[in-house]
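Heads up, the next two complexes both have chain A, just with different partners, chain B and then chain C.
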Partner chain A sequence: MYFAGVDIGSTMTKVALMDRSGNLLSTIKGPTGPEHRQLANEVMRQALEQAGLRIEEMSYIVATGYGRLNVPFADRQITELSCHARGVSSLFPNVRTAIDIGGQDAKCMKIDKGRLTTFAMNDKCAAGTGRFLEVTATTLDIRLEDMGDIASKATKKIQISNLCTIFAQQEVVALLSRGEALENIVAGLHDALASRVAVLARRLGIEPDLVLTGGVAKNNGMVKAMKESLGCQLLVPEEPLLTGALGAAILAKEVYLKAVTEGEDLPAKSRRLEKATFFG
Partner chain B sequence: MSDKSKGLSKAREIYLNRSQRAKELKAAGKKIMGYPCVYVPLEMLTAFDLVPYQTCGDMKEPVTEADRALPSSFCPIMRSCLDCALKNKNDFLDGMVTVHSCDPQEKTARVWESYTNYSYFHFIDMPITVRPEALEYFKSQLGDFTKTLETFTERKLSQDKLKSAIKSHNQQRALVRELYELTKPSPPRISGTEITQVIKALTSLPVSEGNDLLAETINEVRNRIDGPEKKPARLLVWSSTLDDTDIMQVFEAKANVVMNESCGGIRAYRSAVKFTTDPLEGLADYYLNEITCARTFRQATPGETSKDYARDLQSRFGYLKSIVKEWKINGAIMLLVRYCDPFAFEMPSLKDYCDSIGVPSAYIEYDYTIGALAPLRTRVEAFLETIAQ
Partner chain C sequence: MSWFIGIDIGSAHSKGVMIKDFELVASHVIISGANYRTSAEVIRAELVRQVNLSQGDIANTVATGAGADNVYFASQRASDIVCTARGINKAFPQARTVIDVASQSSRVIRLSGEGKVVNFTVSEKCAGGSGRFIEVIANVLRIDLSDFGALSARSKTSITFSTGCAVFGESEAITRISEGVSKEDIAAGVNKALASKISSLVKKLKLEEPCAICGGGALSNALVNTIEGELNTTLLVPPNPQLITALGAALIAATSATMEVEHRS
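After this line comes the complex of A and B, so read on.
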């Protein structure tokens, strides 16, 4: 009896495979790319290969993330908010507030006994998301993954007043032309993003334990800026990208086992690892 | 429009081709009067034998023309409405009645007037509070409105015709409430999507034709066997305007929307105009006091200086309590159209009110374009997951 969670985010696709005792058998991360409809099966194939399993052995598969409807072999779609909440609380049982900063959105979740209770998400724009750093890294001609280290060398606080990604980009150019040191600008960008996300969290009310996930949580500079902005301790999982897929796998297991216990019939799904098509 | 279609299918056809009937009536010699918002007293248009036609936006039409006249960070509904007007989609109108329901409406009215060329244009200055002085002032505004209509139609206002118009429009309100009675059962006998089509059809028809459509629809829905499926949640959507089926379907994919408290739903129909000796008095009272839009400032006791948040919330949102109970609502969506300040400012208080009556609520924003529907879907589904646990 095996379960899978497939999380198709705007930037990265993540898969987690799990057995009935909740042991993780394999996890895979890969870029989503423009054709995520074509990719879910490929990432799933890799995950199965790593675990030495076949698709037919999967009892239940939950798809999540913004591409969740493009996973033809999934049994059910559950939003990334519920999946993150479940995944995070499996790693940190005392979590009450979780913040996930992804490539396309930022979400703040309140969690009670492992379940999502309320949430807030950023508006439909790049401000307050990983894209904010990605875009400004390009403007500064530095690598996204180096941003945290560069920020740690800052010698003074710089206020980036524009939270709009496009206008912040202009502001960065203006700062550069004024001769401002790169590390100070990069630290300022981290602070700007952190303050934007912190507002989202405050709208819901922050309760400890507080956990930060998503690709942005891999950036130490960002973790530091978030701690300062929120004024409290912040826990970060070892693999902050995987909590959505992990939660999806756990929910797959729970949904399936509950149905089995209650003698409910889950419609059998004939699974084929194929590319999704628009007309299929 | 096929001759045979009645009730729901007729409403759907009108929804998809809203201006057709107005154009037919225009060809038959009637005068068509546009209005942008539920605050325009339609009874007065009907009394002058004018056909009221609500000028709506179009979520599927990218805003291009309105951008030369309005700022882009501005009410998307008004931008879309004006855009449609500038693209000559309302060129069958003989006139336009606008109203200061909110600032964007007022500003757009001025732009609208200068960019279009109707033979009649009138602006009603609607007070923003429900104080007694405001009511007096509003009544005088309706007096001015009467005068310009008299000049335009070259006719005196007939009190009998006005009284009979009030009766017909009250009948329409009662019929819409009757239609909403049919969302009380579980599953509801009519979907939120279908009601959206019916109400949007009503706002494009003369009142008598609208009443016929409602009567047919109610009869059909009562006897139907193909009603909506039962979904895990019964939702109230509270918004400025929710008048598009694409967005309604985002909610109805996984829930039953049993109450749409917005200008695309029950808002203009929840109560009735009182019959007063001077009919303008009843009309002024209804439009100022009875319509519950966030544009009006309400407080527990006008002029009171002490702070009593619970009573204040009651005066602003108290009407929702019985709706929640009677329609067995288990989730409220507070749907904000981006840049809509009057509704945005109500959201934190409305959330507190929903908490106080034990209804889970979610604040969701959209920008009146269909491109925004995917993120909207995630927020709606996540909310439904939290209330399904």
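After this line comes the complex of A and C, so read on.
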């Protein structure tokens, strides 16, 4: 009896495989790319290979994330909010607030006993998401993954006055040409994003324990900036990208086991790893 | 000494207008570039050249716009809101609302019967709510900015962008191109998104008719038509909509110089 969670995010596709006792058998991440319908099966194939399993052995598969409708081999789709809440709680049982900053949105979730109670989300303005750093990194000709290290060398933070990502691009170029140091500008960019996400989190009310996830949580500079903006401690999982897939796998296991205990018949799905042929 | 200059240094373009007897006699528009001081000098030199004058013949210069501080030869700075109101009142004395679609933000100003500013609202500096959105998508579509309006006018079914953000809109446009959506329908979608942001700004202030539109965005007929549809009104469009704020500055230059003369006598 094996379970899988597939999280198709805007930037990365993540898969977690789990046995019936909740042990993680394999986790894998791959870039989503424009062809995410074709990629889900590829990432799944790799995850199965890593765990030494075959697709036919999977009892239940939950798909989540914004591309969740494009996973033809999944049994069920569950929103990323529920999956994140579940995944984060499994790692940090005392979590009350979780912030997930991805490449295309930022979500703040209030969690009570492992369940999502309320949430606030920004998917309307790039300036409050990981995209802000992605775009400005390109403008500054530095790699996104180097931003945190660069910011750690800052001697001061330069305030970025433009809220809009597009205008911030012009601003950082102007700052560079004025002779401001790159590290000070990058530190300012981290601060700008952190303060925007903090506004979203405060709207919801922050209660400890507070956990930060999503690709942006892999950036130490952002973790530091978020701590400063929120004025409180922040927990970060070892694999901040995987909480959605992890939660999806846990929910797959729970849904399946509940159905089995209640004697309910889950329709047997003949699974084949194939590309989705329609756009969900 | 009856020549007056108004210079409007915007973030994208710098505009200059020269008036004599309260009528426009010369105008010039350039890209603002990195040095606003130089832009201001270039504009003054060109305005003077157009009417065969020398710098000394200019009675007064007023500066406005984001870079107004750089117009070192101006006798005073005026707020862009006041200048836009003044300029539109000259073009359309009957206008009671004016929409200014600029490169970084959009503004809506309510005017009294005498053309004075009653109230105004300015959008946040958001590329999705300003002319910049059109620039961003024109770049993705690899079309000239000046062709954007005509292109979108040919659209049969415009797309609907899922957010108003220009950064997300850029990715969305790329996805749509790869799905085979026509450039025309994407361009029309941009106008629709922008028009909806601008009209909600107008509604915040309450539309009082007649309503005029100016700024670089008003150069696009397609955008103007889409805003007209959103607001269910007919917009008054001046012949050189991007010059209205500079014109207002020139009018203020003329008025304050006249007042000074009266004060002395």
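One rule holds in what follows: the second predicted complex is superposed on the first by the 277 of 280 C-alpha atoms of A that agree within 3 Å, B and C clash if a C-alpha of one lies under 4 Å from a C-alpha of the other, contacts with A are read in each partner's own complex, and residues count from 1 in each chain.
One rule holds for everything that comes next: a contact is a pair of C-beta atoms (placed from the backbone, for glycine too) under 8 Å apart; a residue touches a chain by one contact, two chains touch by 3 or more.
Since the structure is predicted, the reported quantities are computational estimates derived from the model, not experimental observations.
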item	value
Fit or clash - chain C, chain B, common chain A	clash
Partner chain in contact with A:Arg178 - chain B first, chain C second, else both or neither	neither
Partner chain(s) touched by A:Ala126 [first = chain B, second = chain C, both, neither]	second
Partner chain in contact with A:Arg115 - chain B first, chain C second, else both or neither	first
Partner chain in contact with A:Tyr66 - chain B first, chain C second, else both or neither	first
Touching partner for A:Thr79 - first (chain B), second (chain C), both, neither	first
Overlapping segment of chain C (options 5-13, 59-67, 221-229 or 239-247) - the one that collides with chain B in the superposed model	221-229
Chain B and chain C footprints on chain A, overlapping residues	123-124
Parts of chain A lying in touch with chain C, wherever the complex brings them together	34, 104, 123-127, 131, 135, 162-167, 177
Partner chain B, residues of chain A touching it in the complex	66, 77-82, 105, 115-121, 123-124
Residue numbers on chain B that touch chain A, as the complex places them	338, 362-363, 365, 367, 372, 374-375, 378-379, 381-383, 385-386, 389
Sites on chain C touched by chain A in the complex	34, 104, 124-128, 132, 136, 163-168, 175, 178
